[in-house]
Amino acid sequence: MSTDRSPSDTLSALVRSISSRRDFLRTASITVGAGALAACSKSPADTPAAGTATTPSTAPAAGATGGTMGAHDTAKHAPATTVAGRADQMDALHEKGIKAFPAKTAGQGNQLLPPRVENGVKIYDLTAKVVQWEVEPGRMVEAWTYNGVVPAPQIRVRLGDRVRIVLKNELPESTAIHFHGLEVPNDQDGVPFLTQPPVKPGTSYTYEFTVPNSGSHMYHSHHNAAKQVSLGLLGAFIVEPRRPRAIEKVDVDYVMILNDGAHGYTLNGKGFPATEPIVVRLGQKLRVRYMNEGMMIHPMHLHGMHQTVIEKDGWPVPQPYKCDTVNIAPGERFDVIVNCNNPGTWAFHCHILPHAESEHGMFGMVTALVVQK
Amino acid sequence: MSTDRSPSDTLSALVRSISSRRDFLRTASITVGAGALAACSKSPADTPAAGTATTPSTAPAAGATGGTMGAHDTAKHAPATTVAGRADQMDALHEKGIKAFPAKTAGQGNQLLPPRVENGVKIYDLTAKVVQWEVEPGRMVEAWTYNGVVPAPQIRVRLGDRVRIVLKNELPESTAIHFHGLEVPNDQDGVPFLTQPPVKPGTSYTYEFTVPNSGSHMYHSHHNAAKQVSLGLLGAFIVEPRRPRAIEKVDVDYVMILNDGAHGYTLNGKGFPATEPIVVRLGQKLRVRYMNEGMMIHPMHLHGMHQTVIEKDGWPVPQPYKCDTVNIAPGERFDVIVNCNNPGTWAFHCHILPHAESEHGMFGMVTALVVQK
Amino acid sequence: MSTDRSPSDTLSALVRSISSRRDFLRTASITVGAGALAACSKSPADTPAAGTATTPSTAPAAGATGGTMGAHDTAKHAPATTVAGRADQMDALHEKGIKAFPAKTAGQGNQLLPPRVENGVKIYDLTAKVVQWEVEPGRMVEAWTYNGVVPAPQIRVRLGDRVRIVLKNELPESTAIHFHGLEVPNDQDGVPFLTQPPVKPGTSYTYEFTVPNSGSHMYHSHHNAAKQVSLGLLGAFIVEPRRPRAIEKVDVDYVMILNDGAHGYTLNGKGFPATEPIVVRLGQKLRVRYMNEGMMIHPMHLHGMHQTVIEKDGWPVPQPYKCDTVNIAPGERFDVIVNCNNPGTWAFHCHILPHAESEHGMFGMVTALVVQK
């Protein structure tokens, strides 16, 4: 648990965060303290009918204390050489991870990038550069970024907008930007030697086009991309339609970018417990825009509530369909709606279990959906 | 071929099995002897127009005997140092596997678990414990199980039922049960430190809830799950709707749980030739409920008849669609209908070929659909 | 760039190719010279508003020449020990690959196989044999083939046709053909020891059936298949319906078979730059029939235009849906329509980036859709 914020600080931050999230289609960028998970730490004695832990007299494990959440205390009593002792040791690691969530790390990607506007053109300045990036508390990696963050700043425009993207390359390699999913003119498509020259180190390059189609899209490097995208040259390019459909009118609009390259298994550039919880109020509608920038599938499983798929790759599906696990392949996007009608803090993770949990507890592609009463 | 049952024993067992499968929505639990495959062993001389094998005079392979099915006999004639001899040796291994199917092994998972009923509550007792499990004839593995079997006993209830699951942990680690796909109250969701304390070795824990949604769901460990689920702590949790839709009215209802962890590639806890054939009569309707508890996709391909997908993750798809290969990702479930209108014994396997066949013959994720006239 | 054809030769070949592709539902088999990509090689000076490369005075990279496409020239000026020099070296490799596309290699698979017709039966002669296959320029691999090519010759028939496939086995192993997706009688299904004897080396075997269902299907070995299919014993089996639906009336009908076995990542048996571009005229409708014969998923991403999925595994989807990335799992087929309304040469590749690009440039599962004005 992060110790640098008092519970009341945490709570007020959470309330501010929720208040500021009420506008339709505003990008979620939520900070929530560890207090959000405090409700989970109740002792089993609080649940008389169900959730009851008992230590039968036949228990083989000396020192097991049943429902005690204080694994460290328990560990005192059970030597690590016994079954109970080893279980307590493992549990302590699991608990530590969950209590640390959401853990503070330096840097946050996927924040809205406000454009400069000149003569009606929305201009986005992107500098490709190498930085040190904190994926999890204390784990620093080399990241290749747009503007120093992973994922890159989020570009969010409206169908028909005129946009100009000015790329400055401070990388030690050439690069280029592909607007994945946008049906731009060929010479703005960002494939070196096919549609443009590579953007050499130390040079700049300008893309400009009228946004041709709406939906959840991406921008990323298309040069030496197996390396450059893996290292972080990727971001969301959201195009809002002129008239949102009724099903799109949501309270919280959240972009979740999946990656599995050199930085490990990440959601929006961070691994659990540094991932960002999604916080909503009971009864709110949540939209999640999944985007897979990795090399593997990631079947994202939400506990407690189903997901209704409304778009694939930015295109409405003919008929929305319900599920609890959305399998996103590299390059795909799926937009889902969650009716947040089940209160609590819910696990939300990739269901390829080695992407989410080890003997040392949860890691990687795990976050939580917090539905507050 | 199993030699401990006479052909007539096998046949009568098969007839009994079919008779007992007539009730609507009864779980399939089929025992069929190797005789079910006897029809395949006809000599090519039986098919005059097609299926004709010939040995042309230009055959380079000395000793090749064309249509002879008796590979062991053939092997006598062709030395293993010739092309024909090596082919015969390989074929003999392939034949041996198919002739052994369905091979007897100790233990059968996925059997219906009848509840105790107290005051209208259906109570299921589950003991998590380590056993030795026979995946294929003679191959014993350590399995972490509910009630000693892999998959766990099948829980099958009706929407709105009140259920109580009493978990007794006899494992050397803590554990917990997550009801994957069920929209239970948060404190029954089974995620240690998030919704409950871990269930320590030697202790028990009780879950209780009113079943909130219908469909094909799962229950499995959500603690150190990459290990515990891989080793077998998983089972089907089927919720029948109050009123089945017309498309759900089937003759045989079969649950097929896919796994790919420490036990290898398995269907319902067994690898070919120890997998269970699905036996139906010509004209019957079969429902298969695929559930992926593994770490990889498994595109399940049925020969001879198409599959109509009717549900994903327990939720009806807006419009059923036809296919012959259903790609199931970890955590997903797909329910399909097969109109069994093509008689014969049909291969049914994962189409990632290294999950189904090696130089030594079929193995792993292979079974058969037997459509009897 | 292939140097053995003059630009005018290339152009006239392209025009001939396009003219000959106008018939409805004719299989695309397109030869296009490297001239098709010449439009991409324009200097950035041609695009005044966008696409402008600049070398700011603050550029850290000595010798970077901004928009110069001639990477070899650039390399002369920047020593490989500087950032710019190393970037130029890498870019030169990338450029070389793209300029070589479409590279000439010996052998072309997936060509229409005209049947012999006897008494109204369409007869296809297939000889299974081992050949040397040129996957990319100069890279020869051992291939196990039908009729010496990878993929096998394309079989294209009409629903209800009577077909006879005569397989002659010149391989050093037994084999058999499975007609994947076709609902043939059991004894024509091609699974050794289950539905027929294996076809021994030096022998022949005859399949015959009335084509029972339409759509995009496959034929491949079903004996020691993890090896035999990986090495090339696979092909398309297309069944045209009696009456094509309106959505199926296209100008170009292209089969794209994906594989990822012993030959590396291939599209129709070739790796980039030896893959085949798809060439259409602006405004034409293109159908792509994806077929995955490999062991991994391949999410195929088309730049510049979306894809409308109309069939899965040869069965019409209830409602076509749009996307830009189609994830095809092993054994699956997806048919898509592309309305070719965006002129240019568009990258078309698997979006698992390590299947498409390395530090040395694009390779493997990459091709281009050329939309000509």
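Chains: A, B and C, in written order; residue numbering restarts at 1 for each.
One rule holds for everything that comes next: a residue touches a chain if its C-beta (ideal position, glycine included) is under 8 Å from a C-beta of that chain, and two chains touch if they have at least 3 such contacts.
None of these values were measured; they are calculated from a predicted model.
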item: Partner chains shared by subunit B and subunit C (touch criterion as defined above); value: A
item: Same or different residue numbers at the subunit A/subunit C copy interface, by half rule; value: different
item: Subunit A and subunit C, separation of their C-alpha mean positions in angstrom; value: 35
item: Residues within subunit A bordering two or more other chains; value: 297, 318-319
item: Residue ranges of subunit C touching subunit B (in the complex, touch as defined); value: 164, 168, 170, 172-174, 178, 180-181, 183-189, 191-209, 213, 222-227, 229-230, 295-297, 312-315, 317-319, 329-332
item: Residue ranges of subunit C touching subunit A (in the complex, touch as defined); value: 37, 40-44, 47, 49-56, 58-61, 64-69, 83-84, 86-88, 90-91, 94-95, 98-99, 297, 299, 301, 303-306, 318-325, 327, 342-347, 351-354, 356-359, 368
